[in-house]
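In what follows, a structure is listed as structure tokens, so that the remarks can point back to it.
A, B, C and D label the chains in the order they appear, each numbered from 1.
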Amino acid sequence: MNLLFKLQSIDRRILYVLIAVVLAVPLLKRPSKHPDNVFPEVRNAYNVIDSVPKGKIVLLSCSWGAGTKAENEPQLDALMRHMFQKHIKFVVFSWDAAGSEITYQSAKRIQDDMHAKYGVDWAHLGYKTGATNAIISGMGENFQKVMGQDRFGVKLSKLPAVSFVKNYKQIGAVVDITSVSLMGYWISYLTTPKNIPLIYCPTAVMSAGAYQYLDSGQLRGMLNGVMGAVQYETLIGRGHARTDAAATSWALSAAHIFIILLIVLGNLGYLAAKRAGIHTGGPRVG
Amino acid sequence: MHSLNYIPLALASGRYSSLILLAYILGALVIGIAFLAGLMATPPRYRKIVVMLVTFAGGLYFSLEFLLPHNPIYIGKYMIPGSRGVANLANGLTAAKPSVADWAMIIGSFALLLGVSNLFQIHGKAVRKKTPGWYNSLAFFITFFLIMIVGFLKDYKLGFLGSHNAAAFQAGSGNLYNILFNGFVQSLDATMFSLIAFYIVSAAYRAFRVKSAEAALMMGTAGVIMLGLVPVGAWLTNWLPHTGFFASMRLEQITYWLLIWPNMAVQRAIDFGLGIGALAMSLRIWLSLERGSFFDRQL
Amino acid sequence: MDKSLVNSITIWAAALCTLAIYSVLYKENKFYRFFEHIFIGLYGGYGVYITWHEILYPKWWQPMVGGQWWWIFAAVIGSMFYFMYSSKHAWISRVIFGLFMGFAAGGTFREFYETYWPQMASSMKPIAGTVPNIINVVVFYVILLAAMSYFFFSFEHKSVAIKSTAAAGRWFLMIGFGAMFGATVMGRMTLFIGRLNFLLNQWVPEVQSDIQYPWFQITSLIALLVLIAVGIFYIIRNRRYAKRAKEET
Amino acid sequence: MGTMSEFANPAVYVVEGLLVFFILWKILSARRGRQLFIRRIPGLSVLDEAVGRATEMGRPMLYAPGLSGLDIVGLQSMAIMSHVIKHAANYSTRVIVPLADPVLYTVAEEVAKDAYTTQGVPEQFMAEDIRYLTSQQFAWASGVVGILHREKVATAFYFGYYYAEALILAENGQMVGAIQVAGTPAITQIPFFLAACDYTIIGDEYYAASAYLSREPTLLGSLVGQDYGKLLIIGLVLLGVGLVTLKVIEPHVPLLHGFNTFAYNLFLKYFPRT
């Protein structure tokens, strides 16, 4: 009995080393096996992108920085590869200052890997900030004026990838890859009023609070953190590639089991202490 | 990297047009400063009203654009007299959205130095007074100006150095910029965010105690969903058939059901509350009904 | 400097920063504090550069010097933010903040309609269809109404019916918070996995490829010695402080 | 099924008109002095119980308003702090308040002084118990953790806007064996407070608690108006369910057809379902 109680006083730094070791194994092995099951909202996102008509563009709105790159970059990667495969034109732009540089570097790496051409297949419109609701509703009315130029200062009219986009009529779908709550603005000012499909790629922290929007159709698909990206990879034929996302999904499995064991162990120690009358704290309330 | 030439007052036509433009800009600047001076001179008792009116005017744009009918209203064949004017106003507001977006984006961008000037005050004081750890503030200033200067230099061709040196200088600052951004900014931001994972690990072991039945229900649901979202969950109940009744007992199916029905209903209930709360909050801000807080401080 | 050298320096810099920030997990220290300030400095400087380069220069400066002289007014209005720092005229910053807050608040009618009408519409689910569907719809209504009843404050929960639905409401809320708990753990662990993945699959290979260069072996040796020396110095100093502190108490 | 209109339709004028009316009517009547009723949420009695327990153990208490500054959430936290301090003053137990916002720090000092004087024990106010630590998130959290361990705090209150640092505080409070009561409108942190604290006040309850204590008219009126709004939403949803179910059973009951088309044009048309 006192073993459980003694276990309670393990130094937290030992726990930190333990979690690092537990996660290092799958990361070094880098298994390429992707999960078998694909959640319906990921499949719906795939179908929306797959059915974007020819003369329309997809907006990849990114509002994340280096802080949540581990979750949001695999989503950007999977979606971009799918659109390059299907020759669907798209633009990437960032509401986050650092994100403008990061999303361009990631996109450039994928563009080179897929032998796509900047300015023809896709364009990066750089950093946007200021009153979000005004910018989103403004781009729906006059895309060329509000978005102005790409991140190198080249006017949009000179880029074949986006020169044909006048207003909301040429927008086939909007993808919101985010770590902050921007979805409400897309829903209120562009996608619900103009009936444009919206796909949500949040960090996992925000995914639990999105299911009511999937139920109401305001969101037509969702990639839930890196797990959503891994499942999307299986849909675009990368089910056997040794990607970071696949390795992360197995490391996550190990992490979750480890965390659940910690909670169980901690509670057993707590109950043992309580039964042995050693109150680690004053009487309880509530 | 295309190089952007900062040639001030580059003007298409005529020798004097640049001077004329400069005159226009300076003239407008004088008007602007006069406007600010006028604001500064307003007596204290009118200031609160000015703030309230400006806030209300700001709120008018989107509310009218949405609420006003966009085409004239007919009762049978008879058109209500004013409604055509109202419809033109409403459509005018909608047509103005792109320029409103431009001005909002640019004025909003001017606020970028707000956070910076606050930091300059704090770290400036630390360096001046040599408070302990002042060298950290010095590092702040050095790195702040280093990445900013290198950022501008990588885009700007220093013609006077001669074309070869200028290109080398530009490439060099480009490399230094990449090292600073990819090496330092990205890794520091990502690592700071990842610290929270460690706090969860130690809290999981030492803080998450099932002290009440409701905590047990919450942690039980959390456990099921944590397993159901990751591949190991599917593996744990892989022995169950894929189809038929028992398929719904598979861990990922249970997780999915929990997410799209009970969790969805709870999130929607909370969301309705938040929605009405946001509506109330926006009304209080728009009509300056807030009392005893930031809005009411001594003007 | 050729590409691979820049890449190596970047990876080494990133590894150094990662380990410096993680040192706070052991103990709050000067090393962590120093790198924290570097981050704030770099992020601030980068913010000024990117905002000028991708917004103010192309959308404000170029049109203005290209002939649209009225854009200077944007600078005048933009300058109002900075009156916050003047003691006498701080209220002028409240005017521009008020404009932006009013601007955001004005959108509330559209936002409430576009966000919550479809939610109300999709809450109108007919209690019909297949048996599992009926079960799901009934579960949905019980949880939705009970959870909403928990957040009523303007009348007393006297009658047993209301008191029990509100209590059940708090129970059902736990399912929602359990889902958020699980999702948050998954998200936060992913971020640490990202950093560990960088250390193991980018930094370690970099060290292995650099190890054969003699100049690298020498510098890493020196660095190691310096680190050990600093470590010993701190341990001795702390022990002396501890002894002195014990003597005083 | 109808589609969502891009601009306001009659249903918007009616429903949003009612919502705005409820909220403004209640706020203005509260400001004119009418006494509006707000029930005492169970969390408040748990709060008082926790204060009582701390006085029995004779250790100081900690009240942490999180990172909130001089905004709505921060000021409401001050109202709850004032209640805690008044309660603690009766048993002359110290209340330590670490802050992360210099402006809210000055407000906290005034509120604390005022609370002690209203209890008639102004001498109990100790300026060093109200402390501004730093504005940096994790530096503030480690400062509070230092207080928890040094002062062996008996009870810890976390009321305000919280981010990821909630975890660090709750864990260390647990290690010190303190009774912990939390309350925050920050939905994302509530699961962790629920797991680690003895009792947690959830979302809008936070506003109800501070409205009950501060009786501030705008807040009271707004909360009561919002209750009416929630009732309206529930009413609309239930009405919709009834009409939609009637629509489904229409084939079996032909005479419903007339009523259903009338109901569709009057109501269901404005609530399109995909």
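To be clear about the criterion, a residue touches a chain if its C-beta (ideal position, glycine included) is under 8 Å from a C-beta of that chain, and two chains touch if they have at least 3 such contacts.
Note that this is a predicted model, so its numbers are computed, not measured.
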Pair sharing more residue contacts (C-beta pairs) when A-C is set against C-D: A-C
Geometric centre distance via CA averages, chain C-chain A, whole Å: 14
Centre distance in Å when chain C and chain D are each reduced to the mean of their C-alpha atoms: 23
Inter-centroid spacing, chain D versus chain A (mean Cα positions, whole Å): 30
Length of the line joining the C-alpha centres of chain B and chain C, rounded to whole Å: 12
Multi-partner residues of chain A (each touching 2 or more other chains): 16, 19, 67-70, 98, 101, 128-131, 133-134, 153, 192-193, 204-206, 208-209, 212, 215-217, 224, 227, 252, 256, 259, 284, 286
Junction residues of chain D, two or more chains touched: 4, 8, 12, 16, 19, 138, 164, 174, 187-188, 191-192, 194-195, 198, 203-204, 230, 233, 274
Multi-partner residues of chain C (at least 2 other chains): 24-25, 36, 43, 46-47, 50-51, 55, 57, 59, 100, 103-104, 107, 109-116, 118-119, 121-123, 141, 144, 148, 151, 170, 173-174, 176-186, 188-189, 191-192, 194-195
Arrangement of touching chains [line / ring / star / complete / other]: complete
Parts of chain D lying in touch with chain B, wherever the complex brings them together: 7-8, 12-13, 16, 19-20, 23-24, 27, 31, 70-72, 75, 138, 164, 167-168, 170-171, 174-175, 187, 191-192, 194-196, 198, 203-204, 207, 216-218, 222, 225-226, 229-230, 233
Touching residues on chain B, where the partner in the complex is chain D: 66-70, 90, 192, 195-196, 199-200, 202-203, 206-209, 211, 214-215, 218-219, 222, 270, 272-274, 276-277, 279-281, 283-284, 287, 289-294, 297
Chain B contact footprint on chain A (complex, rising order): 8, 10, 12, 15-16, 19, 33, 35-37, 39-40, 65-70, 98, 101-102, 105, 128-131, 133-135, 137-142, 145-146, 152-154, 204, 208-212, 214-215, 224, 227, 249-250, 252-254, 256-260, 262-263, 265-267, 270, 284, 286
Residue ranges of chain C in contact with chain D within the complex: 24, 28, 36, 109, 112-114, 116-118, 120-128, 141, 144-145, 148, 150-157, 170, 173-174, 177-178, 180-181, 184, 188
Complex contacts: residues of chain A adjacent to chain C: 13, 16, 19-20, 23-24, 27-28, 30, 67-71, 97-98, 100-101, 126-131, 133-134, 148-149, 151, 153, 184, 187-189, 192-193, 203-209, 212-213, 215-218, 224-227, 244, 247-248, 251-252, 255-256, 259
